[in-house]
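Structures for review follow.
In the two complexes below, chain A is the common chain; its partner is chain B in one and chain C in the other.
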Partner chain A sequence: MKKWYGPLGFLGVGLLLALVPWLKTVFGFPTFYLIFLYFTFFWIAQASSWNMLSGYSGYFSFGQGAFFGIGVYTIATLIDKYNVSFLIGLPLGGILAALVGLGIGFVVFRLRLLKGELFALLTLAVDFVLAAVVRNSNAIDGGFGVRLGSVKPPAFLGDFTTMMYLLGLVIALLTVFVSYSIYHSRFGLGLFAIRDDEAVAEGLGVPTFRFKMTIFALSCFFIGLSGALQALQIGYITVEGIFSLRVPLFVIMMSILGGRQHWLGPVIGAVIIFTLTDTFSKASIEYLNQIIIGSFLIIMTLFLRDGIYERLKQRLWLSLAVLFIATVVLMITGLGERLISQLAYAMLITVAFLLIPDHLYHKLISPFQFLHSDEPVGVSDA
Partner chain B sequence: MPEPTLTCTHISKHFGGVRALNGVNATVSQGEILGLVGPNGSGKSTLINVISGQHAVTDGQVTFKGRDITHDAPHTVTQLGIARTYQIPRPFTSMTVLRNVMVSSTFGHSNRGLEQARHDAYEALEFTGLAHYADKPVGKLNLHQRKFLELARALSTKPELLLLDEVMAGLNPTEVDESIKMIRKIHNSGVTLIIVEHLMRVVTSLSTRMLVLNYGQVIADGEPAQVMNDPNVVTAYLGKDYARQ
Partner chain C sequence: MLLIGQALISGLLLGGLYAILAIGLSLTWGMLKVINLAHFTFAFLAAYITYQLSTSFGIDPYLTLFVTVPLFFVMGLGLQWCFNRFDVSEFNSLLVSFGLFIILQAVMSALWTADYRRIDYEINPYAQASFWVGPFALPIPQFSSFIAAIVLAGLTIYVLNSTYAGKALRAISQDPGMAAAFGVDYKKMSMLLMGVSTAYAAVAGVFIAMIFALFPEAGVEWIGVVFAVVILGGLANVPGALGAGLLIGLVQALTTAIANPGMAPLVTFSLLIAALLFKPEGLFTRRSTL
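Let's look at the complex of A and B:
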């Protein structure tokens, strides 16, 4: 693969998506779609940054909320207490999260015992400790929450919704691009080796301590950066809301469902899970939302162990065809009411298609073998 | 006598109250095959772990080519030119055979790009006869092939000194013969070797020198034939009665 191939692809996708606000003014579709897309970007950035640490290096973190919270409270404090521009607050949120990550990493990674479930518990503890500090510190929150006044966007970024959309897009793209670059680099190879067997990786020459510190800091930076932007979206910030387990649980779920072995996994997971939760919570079946998402998670972990991406890779064109046909049918028949719900149902149908076990799938497509004769069929029990 | 490549001076390693190694002195010179033998639990693997940096010593010093490597991290030791294999193969299970070797060819020597590393990894696979498994997942390899994969990974770091921890254990006679050939081939390519081995037939025929450990101490060091007739060694393996005869 050519070196410029990937960056160019990201640039292309970025430019296309950057046109959406302009299309909105031309075709006049509701602002709601921009907000929906912003949240999708937010979850893509969060899940991808979780995955570059936990998926790649195998250090399973429950501490997403802590670094998310650092980003949120950094920008909130800077705006609320010191009247600093949010454009300075955004990168500072990321940098502070990265610095805290480095501090924790320095202690944790020195002690070789803190692996696996102990690492997960320790990162969770960081979340609780930080929540307690923020709640009891009047300089930051003090337990009453912080209300961010309306942030005035600079002229070149348009109105508030457009600005959030564009900044969310940039941060998500940047995060996924970094995740993609790591995946294809020697750094990534070293991380995968650490995930499989850290002692052996070290023995074969991988500087494990340095690599773990670097990926922890990078992951925290993007969590914090994306968190800082999210603070502007939330507006009214409370300790309970920010340091809750919602963010860590969602990013874990998204990455596992999408697939932790590949940079695209968390992106796919984030898009599907967020679209589904958005649909179910709006379709006045809020009380069913968690049950549905929970059952979905169980089915997926049972039948798609390596995540959606691994299966999708093998059935790419047919899956896209299923997604497309399902969307079109739903739109024509008007089932599902809103466009986003129709997309959500179409995604569910596609996932159901991916859930078909391999041997059944090969039986199903065997009459259509002439369509792709150059591909050998994996199973033949004739 | 030439300056030894590797010198272990008065190495002690205690695990709590257990003295796995107790004042071990050992040297290896360039071009040697040092056979490291001893009954179970005599400290052979511990010594390998100490040299490769996996275990911190309780006391003593390890120098390699005149440099003190006692407190270096394992990855530094590897990059300096000491590679090792594991008794029970420990491949990276999520990767293909080639990617497994790429990890060591990328990081084990000097900083190398992925393309160069892929090339080197493939070379190491060809050397060990695994080239046609390059794109297979590791799960497809049998024990013998996994042991050779360990060798390929170690060799792709371009070591000057290679520590082989029981390469033959669990192999059938044909595979043992192949392994012996492989070790000779590696030695002929200019690598100095320390081999830990239980099969006496193998170790006495391969080694240029032997070092016998018992209860964490060196009880004999010299030519294979001479070492095998040493009363201390016979006692350690067979008991006092045999030694008297």
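Let's look at the complex of A and C:
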């Protein structure tokens, strides 16, 4: 049964979300929401593609910025220097990133010592090297940045914002769908085995080298593809902005927050973190935003090691109820000014609810035990 | 020729500063399995404190060491206490300390704004003074940081090899369970080591304040280079970290002098990648014969 309802679910979600630009023309809500959703899609794609490699196989990469940068600079060079249409540049950005990933993987995955922290640092070094190459090569950037002129969207995609929204949606859905399919496949099981114990996995017949190469290439492809689209959104591209640590750190944070073991984890993490940063950076106190993000990372690592998804699974209905009630209360009382900030605060409340340790939680809900049979609330489906 | 000679000397002296930072980082990573990214912001926090003390009260920058070193020693104790209390794994230590890194950086930009800060030359006359060795100049802050690196490295090697505390620490790094069985108190020893490591960061910070202009995000620029030094030197290998620090300093200076400053990271990190691929246990570590 799982075989057909999964893809159908993705298709349904995709079609529903594709209606949003049309709804916008009907109800006339601000364009701002489309842009907000585009950025959410971007982070979902980035976090999911990071998680395919690092969450599933346990090879923790800090080099997201490198492959993101390849995607961005491929399309920027093609448009700026060679006048190629961005529709060709998009897939090429992904493909080039995947090829570079394959080249690095071919060398790195042969060495058994390069695991864990050393793999993380090596990928970080790749990011720094690429940044230096791009900065020094006049054919690509040369240190002055690349300014992309306004891109003309083809007629069937509507205006620029609508086009970005739709393309962002397609890429994010595709990435999450691939991540979902891997999760439910033999390939995925092989990757989990590599994460748990590579030597044993190899002994049991998992073709570790081939699996690692495949997942590295896939992950890089989606990072590059979504990066290439992001280049159009950024418009003015600089080495400092693209190869900074912002992208790798954000995707790591999103995946850890959401949960690295499941395909849905990075999606949840991306939605929460992006909504929060959007809210707190709009509050025009940039350092407060950083302090909240930093504390979030520490608290999550210390108290919710498996990520939100694992806890959410156990307390699904109650936490959805908390999210819903919090949103409604905030909207009625008008606290938090904008819809997105209200959602952000509601999410914070829900996360706080999920942070309640298990023993305390069971004590809290025990008075309502009679609603269910003898099982503790919410654990029934675990 | 003179130019290249001068560049090599500056590189060597800067390498000393890299080494001070790398020794602390390398010790806690190698012995306690804590990858402390906050090390870099500790150094810059110490630098800002030095800046503030000498600007507000006119204290000689060298004397601020008496404030920053004890202060950061205590901070290190506290940090390791938290790591022990929550039983943080090696990988999670990277994440937690990164969270701390972000928070401290935000605190610094809140307190000192994003503007460049530099200690006035009136209070910091050393910045423009140099020793002269033949035709070559040895700027005093750089030279003293180089001397400090060698003294700290020597001291650390002596303590680790010849004192009871040092032997206990090495026992912990080899086998914590066995060390505990022989009566080594892991919690106390690890807190002590982390305290010493952050105190080293404070020493580096004082020199950074004397040499460079400060801004809150500066710590990020040092992460790559200092990690390269730590890996090249080999984990918990103090002479290795010193040697690798000087080597990287020299390589950077040479690239800057011969090619251009933009090429320096390219050469440094290519060196790191080559080292990771061919000798991942560090350039200065002998292959263990297990």
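Operating definition for what follows: the second predicted complex is superposed on the first by the 372 of 382 C-alpha atoms of A that agree within 3 Å, B and C clash if a C-alpha of one lies under 4 Å from a C-alpha of the other, contacts with A are read in each partner's own complex, and residues count from 1 in each chain.
In the analysis below, a residue touches a chain if its C-beta (ideal position, glycine included) is under 8 Å from a C-beta of that chain, and two chains touch if they have at least 3 such contacts.
Bear in mind that the values here come from a model prediction, so they are computed numbers and not experimental data.
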item	value
Per-residue contact with chain A, leading partner among chain C and chain B	C
First, second, both or neither for A:D159, with chain B first and chain C second	neither
Partner chain(s) touched by A:L121 [first = chain B, second = chain C, both, neither]	second
Chain B versus chain C as contact partner of A:S295, first or second or both or neither	second
Partner chain in contact with A:A193 - chain B first, chain C second, else both or neither	first
Chain C-contacting residues of chain A that also contact chain B	none
Complex contact set, residues of chain A against chain C	60, 107-108, 111, 113-114, 116-118, 120-122, 124-126, 128-129, 131-133, 135-136, 143, 245, 249, 252, 256, 286-291, 293-298, 301-302, 305
List of chain B residues in touch with chain A within their complex	52, 54, 73-75, 78-79, 83-84, 86, 90, 92-95, 99, 102-104, 106-109, 112-114, 117, 153, 157
Chain A-facing residues of chain C, complex	35, 86, 88, 90-92, 94-96, 98-103, 105-107, 109-110, 220, 224, 227-228, 231, 260, 262-266, 268-270, 272-273, 276-277, 280-281
In the complex with chain B, residue positions of chain A that touch it	185-186, 189-190, 192-193, 195-197, 199-209, 261
